[in-house]
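Note that chain A is present in both complexes that follow, paired respectively with chain B and with chain C.
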Partner chain A sequence: MFQVLVNGIIVGGIYALITIGFNLIYSAVRFYHLAYGAVGILGAYLTYQIQKFIFETQGGGLITGFLFGLLISSIVTGMLGILIWKFLYRPLRKNGASNVSMIVASFGLLIILQNLIGLIFGQSAKTIRLSEVTTQGYEFLSASITKNQILILIVTLVSVFVFELFLHRTKIGTAIRAVGQNSQLAAVVGVKTEKVIYITFFIASFLSVLASSLIALEISLKPTYGLMLILKVIVASIIGGIGSMRGALVGGLMLGVAENFGAYYFGSQWQDTVAFGLLVIFLLVRPQGLFKK
Partner chain B sequence: MNKQKHILLATMLTVVVALVLGGCSTKVANLSQEKIKLGYVGPLTGDLASIGNDEKRAIQLALTASGRTDIEVIFEDSHCNGQAGSNAAQKLVNVDQVQLIMGAGCSDATLAMLPIIQQGQVVLFSSLSTSPELTKVGGEYFFRNAPSDDKATEVLAKLIKNKKIALVSENNDFGQAFLNDLKVKLAEFDTTPVADEIFNTGTTDYKTILQKVKESKAEVLAVISNSPVSNGLVIKQAKELGLEMAYYGTDSIAGSEFSDTAQDAAEGVYAILVAANTADDRVNKLLQLYENTYLEGPASDAYTVLSYDRMNIVLKAIDAVGYDAEAIRNYLHTINYDGLAGYTSFDENGDSSILPLVLRFEDGELVPVQQ
Partner chain C sequence: MDFIVQLAIYSAIASIAAVSLNYVVGFTGIMSISHASFYGIGAYGTALLLTKTGLSFVPALLLGVLITGLVAAFASVPILRLREDSLMLVSVGFALIIHSLMLNWQSLTNGPRGVKSIPRPEIFGISLTDKNFYLVLCLVLLVLTIIIFYKITKSPYGTVIKGIRENEEVMKNYGYNVSKYKHSVFVLGAIFAGLAGGLFASYIQYISPESFILLPSVFMLIMVILGGMGSIGGSIIGAILITVIPELMRFAGLPSSFAAESNQIVYGIILFALMYWRPQGLFGKYKI
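Our next item is the complex of A and B:
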């Protein structure tokens, strides 16, 4: 039983981590950036490629390669995030596209990115590893937990803490929230709206690579994982309250735990039914989510 | 009205003339060469093109080795789908008038070809189609030396009978058909699994399922999935959870994505699959010949071997009873051919005596286990 809870928390941590960035973008631009999952996966593929390059040809260690790859691919993908805003979403917004059009466009981008990933890196699964041997996890109160999982938990908790502070205690964080609430008014009082959105897209895309690369440690990488992730992210985001950092953490954890207990009691084939059942319940009972004011 | 009639008449006349001339030219060609024409239908392009290509090359190698210049194989592409397979069979049976077709590759294509070969009374001999459905509907002209998928359940059930077994299967056609068949075979040995978990295609997190497996205190875990990645993730996560048991998998374990995903956790995992028995020297010689001839190794050693055996069996049959579908059909039921894949004989459904092998991961390679 305790093991099931631990499994749920770890999977939930992954969902939470990737939901943070998604919520950040939503805070600033108020639409669902569905391609977000695929952007993260693309970044994770870059991490994989760089790690492989360093490990195989430069004689570096797996961990060095991973950290180095993570740094480069996060920055590169962060830039990509900016380009996506600049060349896709911004022109659409300028032409007065509705939020529905924006979602359709972002879904189109998701498909394009998934196919591009398949084209560049191949359709077969890739695994990022931090050590050459698979080790049994640490025993903790009769539950087993691996190093990778501890890493995921720590990174998630730290990220939530940092981003919660960032949004509420820094100038740029306040600006992001202001742009999200009313971009025209924010512009009137002197907030550089464009710049704020660029920064948001950079940070969120950066974060998505971090999350996706950690996910790759657990479940490997396939080009189509972007869609799978974004579906979970949307559920977690709605449960927690879209746009909230604390909401991302709690929503992600709730989803992960519910999925795993669902799998334990009803069988794994009902896992997704539990996840989306939870979504429906929240939409009916508390559509604003747990942390939305 | 009158003008239209003229045009119609002219068109019909042209078609008739074309048909007559076409027919003549084929006949002339037949007379000049007098070759025995065999048909081949397989996936020469598309998803399984690499295997189709292996089959084609194996046929050519066997033909060259036999020194027979009076035999010609007409290669047709099934694209791994029913429509193309059926078109190819129509052409081979009605236009080329072959007595025997080697193929098809994918079971879908083979199933679609059956009505045509039964109608035309032509032998169909597959080295790649493994669907259990073919045992039931193959008919008297269908043969295969690729083992039906339910042979794998037979082999697996014998290996793990009378143990505490946990089954983890994928929620798709392959997974559930294999699972149900395996449970029936295990019931014959009075064995009931202690855990039976099903997961949806594309699942990535198996820890909770594996927790239930752990609680069941099973000694054996059989993973039934045709996704190499799912197999890899299950094995990897099982080792991380500290599940100490024997692991068995289906043929998808041979996919490189399995070892890429499971990495060192793959060590010691058993797989039941059609494989080339590299303990046999003749097999290694063939694989070497393949590489020397085509400057690359085959995509699948196993199907290269089966296709090579098939061509030799066909040649033997033609030598013994001549090139006639009915005579060949009767002859194939009597043989016990000592080939590279083992001894081949056929039962009344056209299924062969070839069984899948048991292999084990040792130092990252799948090696046959001596039984």
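Our next item is the complex of A and C:
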């Protein structure tokens, strides 16, 4: 039982991390960026590739390679996030596309990205490893935690902490929050909305790569996981209240825990059903989520 | 020739599904992406009745369609409480739950192995194992579908549902029971998706959960959007185009290992480009 909870919290932490980015984008541009899941998975593939390169040709360690790959691929994919806004979404919005139109277009983008990943990296599953042999986990209050999980916890906690500081203690962070609350008013008082949106897309895509690479430590990567991931993100963000940062944290954790308990009681094949059951329940009972008025 | 007949059968089945989806999405403005699930339920219902109970084709298809309608009636309660993009999301959630049921309710659906050797139909003693006869059956049902939806959308009832698409609040103020209208539209649309699914199962003779997850939903949506929201003729042209394009791309000389991915990339580009240049589709009048 305690073990299930621990596993749930660890997975939930990753969900929270990627949902924060999704909500950040949603509150800045007010539409569902569905391709976001595939962007994260693309980044995770990059991480995998860089780690492999460092390990096989440069003689670096697996963990060094992973952390290095994580950094590079987050930055590269962050740039990609900006390009997606600048050259794809923004012209569409300028064209007067409705929210439903935007969601359809971003779904198209999701399909394109997913298949590009398949073309470039192949359809076979890939796992990011941190050591060549499976290592013994640590015992902690009758639950065992693997080394991978510890790394996941550390990266998640540090990222959330740094992000919170950034959002609340820096000028750009304040501008991002202002645009999120009321973009027109923010523009009136002199916030450069467009620049803020660029930064938002960068940070969010950055976070999505961190989260997806961490997921790749626990389950293997497949080109089609972008869709599954974005659906999980949407569930988490609706539970917490779409657009809310605190909601993303709580929603992600709740989803991770619920999924793991669902798998524990009903069998792992029902894990996703539990997640979407939760979505349906929340949309019916509390469609505004936990943290939104 | 055989190949062309086969494409014609697929196009006709796709047209039935697309026209019924257009009725829900284009005419009434219910942005549902769960249509492939109803298509799948119709396919599974018909296939299981044919293989497990030994019912003959016509009662099996009718029962399959009836089951689809019942599921849609239940599903519409949560789905239709929402609107626009949240409705879209919950319908995706519903589609995934249905897929997971098909995959995991092994005793009923046979799980990931799917349902094999579904018999081709026999109607009034005429065996439709011949593809040409099957095409005739599909075309007859397609014409029937077109007539039914054409009549409905031109009737006073049709005017009300178009009004709901344009402005729900106004229709409420006029005293129409908007929710009742939307439920009936949703269920009728699903019933015809189930019919298309039943036809598909009996033609292809083997179905598995993978045939009814994301891709068919996307295909159907692209057919409707490409053809045009609220245009029956548009949906049929959309259905034919989306069915034929992958076959044409085979002649483009791409290595077959890339075929699946490059097909899907083309669909993705079509979706994105449509939203940019023609959100109302080729023949539609209403932007989404």
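Observations, loosely collected:
The rule we apply is simple: the second predicted complex is superposed on the first by the 288 of 293 C-alpha atoms of A that agree within 3 Å, B and C clash if a C-alpha of one lies under 4 Å from a C-alpha of the other, contacts with A are read in each partner's own complex, and residues count from 1 in each chain.
Keep in mind that, in the parts below, contacts are C-beta pairs under 8 Å (C-beta built on N, C-alpha and C of every residue); 3 or more make two chains touch, one makes a residue touch a chain.
Worth saying up front: this structure is predicted, and the values here are computed from it rather than measured.
Once the two complexes are overlaid on the shared chain, A:N7 sits against chain B while remaining clear of chain C. Contacts of A:L283 after superposition: chain C is touched, whereas chain B is not reached. Legend: residue contacts after superposition of the two complexes on their common chain; A:I154 is shown touching neither chain B nor chain C.
By the touch criterion defined above, A:S98 reaches chain C but does not reach chain B. By the touch criterion stated above, A:F107 is placed in contact with chain C alone, chain B being left untouched.
Looking at the shared chain after the overlay, A:N115 reaches chain C, while chain B stays out of its contact range. By the touch criterion defined above, A:K222 reaches chain B but does not reach chain C. Judged by the touch definition given at the top, the superposed model places A:A125 against chain B, while chain C stays out of reach. By the document's definition of touching, of the two partners only chain B reaches A:G137; chain C does not. For the contact definition in use here, the residues of chain A common to its chain B contact set and its chain C contact set are 269, 272. On the chain C side of its complex with chain A, the touching residues are 31, 78, 81-82, 84-86, 88-90, 92-94, 96-97, 100-101, 103-104, 214, 218, 221, 225, 258, 260-262, 264-265, 267-272, 275-276, 279, 287-288.
Contact residues on chain A toward chain C in their complex (touch as defined above): 31-32, 88, 91-92, 95, 97-105, 107-112, 114-116, 118-119, 227, 231, 234-235, 238, 269-270, 272-273, 276-277, 279-280, 283-284, 287.
Those residues of chain B that touch chain A in the shared complex are 171, 197-200, 202-209, 211-212, 228-229, 232-233, 236, 239-242, 256-257, 260-265. The part of chain A that touches chain B in the complex is made up of residues 3-4, 7-8, 11, 124-127, 129, 132-137, 139, 144, 146, 218-220, 222, 224-225, 228, 260, 263-264, 267-269, 271-272.
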